[in-house]
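Chain lettering (A, B and C) follows the sequence in which the chains are written, and residue indices restart at 1 in each chain.
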Amino acid sequence: MRPLLLQGGRVIDPSRSLDQTMDVLIQDGKIAAVGTGLGSPDGADVRDVRGKVVAPGLLDVHVHLREPGNEDVETIASGTRAAAAGGFTAVCAMPNTDPVTDNQAAVGFIVRQAARAGLTRVYPIGAISVGQKGEQLSEFGEMVGAGAVAVSDDGKPVASSHMMRTALEYAQTFGIPVADHCEEPTLAAGGVMHEGLVATRLGLKGIPAAAEEIMVGRDILLAELTGGHVHLCHMSTRGSVELIRRAKERGVRVTAEVTPHHLTLTDLACEGYDTQAKMNPPLREAADVAALRAALKDGVIDCIASDHAPHAYDAKEAAFDDAPFGVAGLETAFGVAWTELVEGGVLTAAELIARMSTAPAAALRLPGGSLKPGAPADVVVLDVTARWTVDPVTFFSKSRNTPFAGRTLTGRAALTVVGGTVVHPGEGPSAA
Amino acid sequence: MTAVLGKDLVGLEYLSPDQIRLILDTAEPFKEVSERPIKKVPALRGKTIVNLFFEASTRTRISFEFAEKRLSADTVNVAASGSAVQKGETLVDTAKNLEAMRIDMVVIRHPSSGAAQFLGDRIRSNVVSAGDGKHEHPTQALLDLLTIRDTHGRIAGLKVCLVGDILHSRVARSNIWGLLKLGAEVGVCGPATLMPRGIEELGVCRFRRIEEAIEWADVLNVLRLQLERMERGFIPSLREYYRVFGVTQERLERAPRQLTIMHPGPMNRGVEIDSRVADGSHSVILAQVTNGVAVRMAALYLLAGGRPELADAAKGPAGGANE
Amino acid sequence: MSRPERTTILDARALSRALQRMAVEVLELAHGTEQLVLIGIQRRGVELAERIAKQIETNEGVVVPRGALDITLYRDDLQTVGPKPVIGETRIPGDLTGKHVVIVDDVLYTGRTVRAALDELADFGRPERISLCVLVDRGGRELPIQPDIVGKQVKVNSGERVDVLVEEIDGKDLVELVARGRS
């Protein structure tokens, strides 16, 4: 493996509160040195990255790769190619595959497919319950042994409080968090967007904010009761933010994520029955967006996760009620976040990098998120001056569903390095 | 000067007050057509119209069909049961197939909100909503407006209260837009379980008790209570609904003025409305049905000719007396 | 665009004289008033029919039934001219079967309006005879339709226009030839 020298970039490493112009040397798959005026070893691949940001590889703790089961929509190979293009060096794969990733063989399959693709690292998340049916606990121990880093029934809430309690207790044996999709099923039933004025006007069934907050509250109370670690997926309401804030103040083991779309869009995006704006949880109101942004800044919400949810090219071409929820977010996550949050004055560059690398690694206790010498060389070079227009046709993901099509964004990955190997730009159309 | 409605009629929210008035004014001569010995004019001769009903609706379909036939259009009815729709054909495929058959207009009734607009955005033919989900039922509101105007000689300044299940009602939404645009004051009254979030923000006042609504209003538009609402737990029982929200003779007798009573049908007598009220002298429920045909004729007529680019191209010599 | 040139074809007095003469001709044509029904075409034909009927009333002391016909819905050019926003009233005085209907219009040009009026009248019954009475015949027919009674024959080029103004609608009685201004 050739050494790789990244020269003259703005190195941001939140794990060491570093933000200055330096060189980064990568050798033998590890960060060899970070400093100024580093000499290049023989045969090194030297890249001039002046004007660009060099950071720990981005880490997405919430993606749906659809393999096994829906390989026409996404595969582990296509999904990790999209992740690499988005600047991610590691992603966590949710278990709502077909069949459900609820046993060690299924977890092992994902690990092997990811290794074969050889792009972004994939950390599988196992199902909490067998078949995600909410009835019987999956074999957490065996799944962790095969490589699972957390458990979740994402896509569905854990409806039974008893099941959630049991999962939080049992997961502690293996030191893994339980990630929950917070949605009180009887309140959310049949809902397709945020319950509010827009839903009233459009005549669409709403999902009230309380449907999420009830479960956030319950999960926090159960984490408190059990001492377990609950990770709250894709938070969308200001009420949830308040519940998490108070829980963290009392020392409850709770972490939380928020998506780029919940940080930037409101239910107004559903106007005209635009199915690209159909998400679960739904896009909420401006006050929720403001609260989520503030919570991300002050750390009440730990990290940004894309909730990458690819769908067939024509699946969103339906009446709003009939269209699936979700957005293919891996390739727009950083650009949206940089444009809206950093250029929008909400976060500093270092804060955004932290929320997309160091913090998600810490939340799920994963390797990565640091440029410390000796750490695995998962590095991203971000061109934060590049202006580009989102054209879903150019996505590496097999899917095209995005509410950001046509948006002009600033910032994208110029180079993604996993374990010392450049995984983006690679074969095919280059974004760098 | 060719006033047009645009390509589709999917909701009153998207029409200007002038466009709404144009449809109502155009409906007037069509009322007379229905009184003729031969109730048919050739205005839409040679036009093909598909009535695409994904939900059963005898009244609205018949009303549209009469309107189409009285305009001499050729009509085809497609009902959901037994059609490709039930075999899993998507709305997109339905749209593409209709387009391929070179039809001129589609009248669509669909259980999903936004389905009419969805179709209209994807085919060149004119699309008229006959009700989409809980969104809008524009021709129903237009016939309600026409009936109110016939009865009171005006709409502006009147107080019109919609009573019942506002949450699930497309009739309510279309009525709210139409009435507000024409200057009426609009009230809504019904159980809180059947009241959509943020309804007041649309500019309507909300009454929690039917007695207050009756005291306030000039016109009551009593909505049909879908009987399945009880099964879904929105109301405890039909009996209690009638006791608390029923529009009864006794309640109306206590009103400070005579109220005009409307209902979009079909009625549940003894649930949302007392039979004596429905059949009473201030009920205009059958006039609504008559006006339904005229309003739909007007809408179809205006849409059929409403090709702005053609209209502009053909303006040529200012016609006047020279045809 | 320069102002269009206007030439008077009939002033108020000439218009009045023409209508008087037309009333006499209508009576002759219909052999009296017994079966006579006057139907004006919306809009100005309705006023002219009313005037002729009044004149007959003065001459004969008999009230002639009259009606109004709006032919908008029978036009063959909806696609090219777009919908006419306001459709006028159609009012037919009783059953037309066996009657002598005289259609009254202001200007006869292509004949398409009359064609539409004939179609529409057929939906109201089967008159014994239908005649056509127009104030101005400007030529330029596109259909085999000829008037029975004409107030004034004028040769008008296709770029020109005949404007008929009547007191009841326009505030004055006047028939003008309007030449399109050059731009």
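Here is the rule we go by: contacts are C-beta pairs under 8 Å (C-beta built on N, C-alpha and C of every residue); 3 or more make two chains touch, one makes a residue touch a chain.
Note that the coordinates shown come from a computational prediction; the quantities given were computed from them, not determined experimentally.
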Practice item. For the chain pair with the highest number of C-beta contact pairs, give its two chain identifiers. Key: B-C
Point to revise | Core chain by centroid distance, with centroids computed from Cα atoms only | key: B
Practice item. Going by C-alpha centroids, which chain is farthest from chain C? Tell me that one. Key: A
Point to revise | Intercentroid distance (Cα basis), chain C paired with chain B, Å | key: 39
Revision key, fill the gap. Distance in whole angstrom between the CA centres of chain A and chain C is 77
Revision key, fill the gap. CA centroids of chain A and chain B: separation to the nearest Å works out as 46
Revision key, fill the gap. Seen from chain B, its contact residues with chain A in the complex are 13, 90-92, 110-115, 117-118, 132-136, 170, 173, 196-199, 201-202
Point to revise | Footprint of chain B on chain C - complex, ascending | key: 44, 70, 72-75, 77-83, 85-90, 106-107, 109-110, 112-113, 119-120, 123-125, 138, 159, 161-164, 180
**Study point:** Touch list for chain B against partner chain C, complex
**Key:** 1-4, 22, 25-26, 28-30, 32-33, 36-38, 40-44, 71, 301-302, 304-308, 310-311, 313-315, 317-323
Review point. For chain A, which residues count as touching chain B in their complex?
Key: 195-197, 199-206, 208, 272-273, 314, 317-322
